[in-house]
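Several structures are given next for inspection.
Here chain A shows up in two complexes: once beside chain B, once beside chain C.
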Partner chain A sequence: MNKIMYLEFERCIGCRACQAACRECGDHDAKERNYVEYVDFTESRQTFPMLCMQCKDPACARVCPANAIQITEEGVVLSAMEEKCIGCRNCTFGCPFGIPKFDFEKNKMYKCDMCYDRTREGISPMCASVCPSDAIRFIDFDEMQELRRRRTQMNLIEGKKPQEGNKWDYVPEFFGVYTDSNQ
Partner chain B sequence: MSQFLVKEGVKNQIRKGEKLVATHCCYCGMQCGMHIRVNEKTNKVVGVEPRYDWVLTKGKMCPKGVTAYQTIDHPDRIKRPLIKKNGQFVESSWEEALDLIERKYKEIQGEYGRDAIGVYGGVSMTNEKCYLVGKYARVALGTRYIDYNGRYCMSSAAGGFNKTLGMDRGSTLPWTELEHSDCFFMAGSNTAECHPTSIQWFWKAKDKGAKIIVADPRETPTARVADVHLDLLPGTDSALANGIMHLLIKHDYVDTEYVNERCNNFEELKEMTARFTPEYTAKLTGIAVEKIVKAAHIFGKSPRSVVMFARGAEQQTKGVDNVSLYTSMALLRGQIGKFASGVATLTGQGNGQGGREHGQKADALPGYRKITNPKDREYIAGVWGIEPEEMPQEGVSAYEMFNLMEAKTIRGLHVICSNPVVSSPNINYVQKALEGLDFLVVNDFFLSETAELADVVLPTATWAEDEGTTTNTEGRVIRIRKVVDPIGESKPDWEIMQLIAERMGKGKFFPYKEPREIFDELRIASKGGKADYYGVTYEKIDAQDGVFWPAPAEDHMGTPSVFKDKFATEDGKANLAVCDWREPGEIPNTGYPLWLTTGRVVFHYLTGNQTRRVGFLMDQCPEPFVEIHPELASQYQIQNGERVKISTPRGEMTAPARITKAIRKDTLFVPYHWGKEQSINQLTSPALDPFSRMPEFKVCAVKLEKLTK
Partner chain C sequence: MHRLEKSFYSKTSMYSFLVLLVLFLSMWVATDQFLHIDMALLGYAISSAIFAVGLTIRMSFWLYRTATNRVASRSMKNLFTKERLKWSAKAVLITLVDNIILQKFIFKRGLYRGIQHLMISWGCLISFAITFGLTFGWMRFDLIDPETYQIVVFNIPTMKMAAHGLFAEIVYNGLNIGAIMVLIGASMALWRRISSYDVKVTQRFEFDILPLLILLSVTVTGLILTVLYTFFDGWMHHYMSLVHQVTVVIMLVYFPFGKLFHVPVRPLAAAVPMSYQEVVKVDTKTCKCCRQPYSNDDQIADVQAILQAQNFDLRLADGTQLSDYCTGCRRRMRALKQMNMEAPKGNPYGPVDTNNGIHLSGFSKKRSEEFYGIDIEQDYKGEKDSEPVSR
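And then the complex of A and B:
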């Protein structure tokens, strides 16, 4: 399988269905692992979703003194293993995106695992499944590349040119490459 | 119990020891497809799984849909009938509750006549139930006073569509066509928050270059991405539509051939709109002239456009005018009845479409028949097995029923699937009217604010505990499946109506063993009417992913697009709307200098009786708030998060301020999902549209005050 998580931040309508759905995934223990934030509510209603980047060389795993954070063969960075996690919270500080969350009751870290239960079987993660606005999608690598080119093309049609202040509008960002077979 | 599982060839996660039942969400008119996860051993609902194969929503859901299953096995569920004794609810047996209801109904009707008992229905339930509410009122109770919460929801859309197109089907096209449209003109609809899963279709179209025009006093998430945001003053839609049509005519965007062939009144419309120059329109609506002109050109140039609107335009004293005028915009462009173009209202309640078609309304009988029409009375009387003379006369609209309660004309009321002390305008008055009743029965599965006032509360089944059909916002009839048995002693509403009918000596008119039998009767009752369900069967719904009405014959596939060749008016032509400007029922004045408008947030549904009990949704939005523009807040020295007081002559409340530039500087917005002292409907205006009797929830004058420490 060669699928990626594809986010288009400006599509986010702030409904937080992704978070409600994250709680519903297999062993997620009714806790969401993703984030939705307002950019600046005083200025506009724009919100954006945030989930784990599934980094190639994840800071969370690197700073874990107990080696509790496993990376699957597909490159998914899992939640800390219960039996190994010592609850030091290094990972929550180490991650530059602030993704890992900490369960103080169970004294262990938990984070987005791209719904490993589902994606392992080729089924879309919960957040990408439900996101009503297609802000989060789980799509083929090739489709993603096509979408990026399409975006540039639309901008050409509309005669827009990216500038320093708005270049984010022009390059949809993607992350969480599910496999690296295409690299 | 339904055994319908996942469709073949569709990959879903099915966990060990669980099964998935395919159904739809219980909340809004999108009726998103979903699977409910059931533990096979315990037969309990354990969660939700997307339904990727559902044509309209493709597995997508908003947070209400994702968490909907949590209301089924909820600790707050009412499991046995409740009878109020000395001001306290006491659990009772069905026997005792029914005895009391029978005695009271007979007493009241014996003394004051049959019409002294009213029925107040709702449309967040299946077609089978909605249909039966009408029959229950007229046959079991023999009362003329029946109306329903759709009066506050879809009545203006219905009025406007009937006037212009001759028939009220919420959407003239199937929404799967939306991705091929070139332009959406959306008025008074916070689409992203109220019908979230529709957004995927707008994005698909936008990816191909479609334009979006949004008319709303607030910069909603949809307005934020729109090509033009027409930030109009609340209550000025009719001026805007007239202004746009003025420009369509002036710049030759009118499809003359279509208009000549298929529409009446063009000359009159031309004359009326002549005065709505961009300058005059701008003055009335508060929108900048350039924006109006830009919107008109975009709309005028688009080969395929869809005009859409929702409660923002409809919940006004001009609701019917607004709907008729917006519909006329689509007509001028020759759009209705063609591919990927047309006109649509966004249905608020799950079955807001189906529930308004089959006789829950004061003046309606099944299949959009009229209770004032002798032929219609005769036909339905025949289906029901009563004499036409026994059929009660027309009643009054929802809000007017409270007037009659105050006047003691209505002395007993049965509320089924609604929470009018939160959803009505001016609820302080409504509450008094309900408190003054001799006898109030409420069917609900949670103790709503209205149920709290009741003498008897009858526990009903949730949507997942009964079979049936609903009709989604497109006009597509779909199936709701029974997932588990009703909890405790709760019963589906149709069974409850049946039991009361028996007590009233009318049992033989209600001989149903299952919802399918009610549906089969509905099919016959609607046969030959405008909303003709005769050709809709449960099997056909499964086989072809829903059936669009009208489906007038057994072998009819249904009608995804309506008005292809002619309209449903008497002469087959659409009536263009000729409506002059009228002021809203109330406008800002020295005592109440600002505008107030209300609406929804994405996390709650209607009066919140269900969603306020779901942890995730309450975490996101626990209480109402007042949206205020920073410039206005600064004048009142109000900080973000500070509690402020707002008031109208009808009531007052306090709520925290949420300061944002995404609203007009002269308008306040408060969501309406809370009851009692948290309810904005203490303040809203009960001014009614003269035609649809829709209250003006969306516009009134308000005073804002900083609370002193």
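And then the complex of A and C:
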């Protein structure tokens, strides 16, 4: 069973339930690790959720001088190991997506770990399980493929064609290809 | 140096050899040409040598990492720059006192964890100092008259102490004191590892619990030795000392390759105040997009150099790198790119047209096209300028 985190930014209604849920997750120490941000606050109330992409070759781990960022066998990029992290914040600057957060008080970095204790068991992460508008979904690989096809069809029905500037509209983003332990 | 390097299998093996050579010479000097060597500790000496080699290999590989190398070499350079000497010395001192001696940052993660870690680390440091001091013969006690011991360090006679004085008792029981500290700390840590649901999320037996069990086995067998010779007239002492030796050898051999390797990594924390925070919590580098200060110029230069050395191409069309933007702007850029709402036509730094024709914009007011820098005339002509521009 391949599970995938599927984000649709347009569906976000800005309720921040995902952030509240994130704070409740095990080992998150009552601090949220995901983001809900405004596209342009002066223009509209459109928000978007943002999570870690769980890169295959994460830039954050590559710029870490203490070698503190580890990747699990499932492909989840974990927060910096507390005993190694020297608190230099290189990861927050190296990450191309601006994901890792830094706790100045406790001198350590923390980031989205896809609720490792839940997803490890095939349970959907906290944010995806509470999202009321399905902006964040934790779905099967096949379901994701279906959504992608439908989205492309919809675009074609509306008479839109992919162009260099908007080709990504036709290939919805997915990330965090996730192999379950029940396999 | 290069020639010397060529005569070895690798750089790492050269460093390992040099470390062993220094250890051997220090033993030779300290034991007065092996006259005062304690043969009972030979097993410990050999495993300590293995420990030293393992540590050298791990440290070398760690320092070869692009990121570590960059940060460490900048710190070394800063340390020996005259103008920065005062700040660097202060930074090293602050790190030494706050991070390593007092371990304040762990106390901020919780009092329980602070006490636990302080106990383990200081217990280990005391025990390691005494063990290495005695096994390599760096330190020994000479009886100069029936009531007085003299401490000899590196074959140089230093202070004298009464054989039954308070100071002497503390010195004799140094390992016991260290062992009790480690016993308390490691038990606390083990309890936390067993009972807390939070730490179980990412904990692994072989990485997080095994070192605690190894430390506990060393301390418990060591303390049993003390109990045996004080209360049981040395009953089974000989066998127990062998068991203790086995546990210590396992610990020393395990040290460079497991969780305990974080100890030699820690001093790099001095690099943070030394190179990246000339003034604490004041940032000098401003974001290319929102103009807010978010970091330090040196640090961003380092990050970019590290990424480039590892073939990460995070440059944008206008020549800037993603790390030139603050984290918030980077997140926004990604979302906009994906929603094809990138700032708009002509000026990539201009306001974003969030009106996608489906949702009304926030104030239900349609802005004029000029606001977004869109030239309708040009649009009709199909000029290239009106295409969305990426940064």
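The definition used in the following text is that the second predicted complex is superposed on the first by the 161 of 183 C-alpha atoms of A that agree within 3 Å, B and C clash if a C-alpha of one lies under 4 Å from a C-alpha of the other, contacts with A are read in each partner's own complex, and residues count from 1 in each chain.
We adopt the following convention: contacts are C-beta pairs under 8 Å (C-beta built on N, C-alpha and C of every residue); 3 or more make two chains touch, one makes a residue touch a chain.
In this text, all values refer to a predicted model and were calculated from it rather than measured experimentally.
Is A:97 in contact with chain B, with chain C, with both, or with neither (first, second, both, neither)?
Only chain C is touched by A:97; chain B is not.
Based on the superposed arrangement, let me know which partner A:42 touches: chain B (first), chain C (second), both, or neither?
both
Go through the superposed model and pick first if A:10 touches only chain B, second if only chain C, both, or neither.
In the superposed model, A:10 contacts both chain B and chain C.
Who does A:73 touch here: chain B (first), chain C (second), both, or neither?
neither
Just chain B (first), just chain C (second), both, or neither: which does A:64 touch?
In the superposed model, A:64 contacts chain C only, not chain B.
One more residue to check, A:117. First (chain B), second (chain C), both or neither?
Both: A:117 reaches chain B and chain C.
Go through the superposed model and pick first if A:134 touches only chain B, second if only chain C, both, or neither.
first
With both structures fitted on chain A, tell me whether chain B or chain C touches more of chain A's residues.
Comparing chain B with chain C, the partner touching more chain A residues is C.
Tell me the contact category for A:89 with respect to chain B and chain C: first, second, both or neither.
In the superposition, A:89 touches chain C alone.
Can you list the residues of chain A that touch chain B in one structure and chain C in the other?
10, 26, 42-46, 117
In the complex, go through chain A and note every residue touching chain B.
10-11, 13-17, 19-21, 23-24, 26, 41-46, 117-118, 121-124, 126, 129-134, 150, 154, 157
Using the touch definition up top, name the residues of chain B that touch chain A in the complex.
Counting only chain B, the residues touching chain A are 11-13, 15, 47-48, 50, 52, 57, 59-63, 65-67, 192-193, 196-200, 203, 207, 209, 219-222, 224-225, 602-603, 616-617, 620, 630, 640, 658-662.
Looking at the complex, which residues from chain A come into contact with chain C?
Checking each residue of chain A against chain C gives 9-10, 26-27, 29, 35, 37, 39-40, 42-46, 48, 50, 59, 62-67, 78-79, 81-84, 86-90, 92-99, 104-108, 113, 116-117, 164-166, 168-169, 173.
Which stretch or stretches of chain C touch chain A in the complex?
62, 65-68, 70-72, 105, 108-109, 197-202, 259, 262, 265-266, 268-269, 271-272, 276, 281, 295, 299-300, 302-303, 306-307, 310, 312, 314, 322-323, 325-332, 334-342, 351-356, 359, 361-362, 387-388
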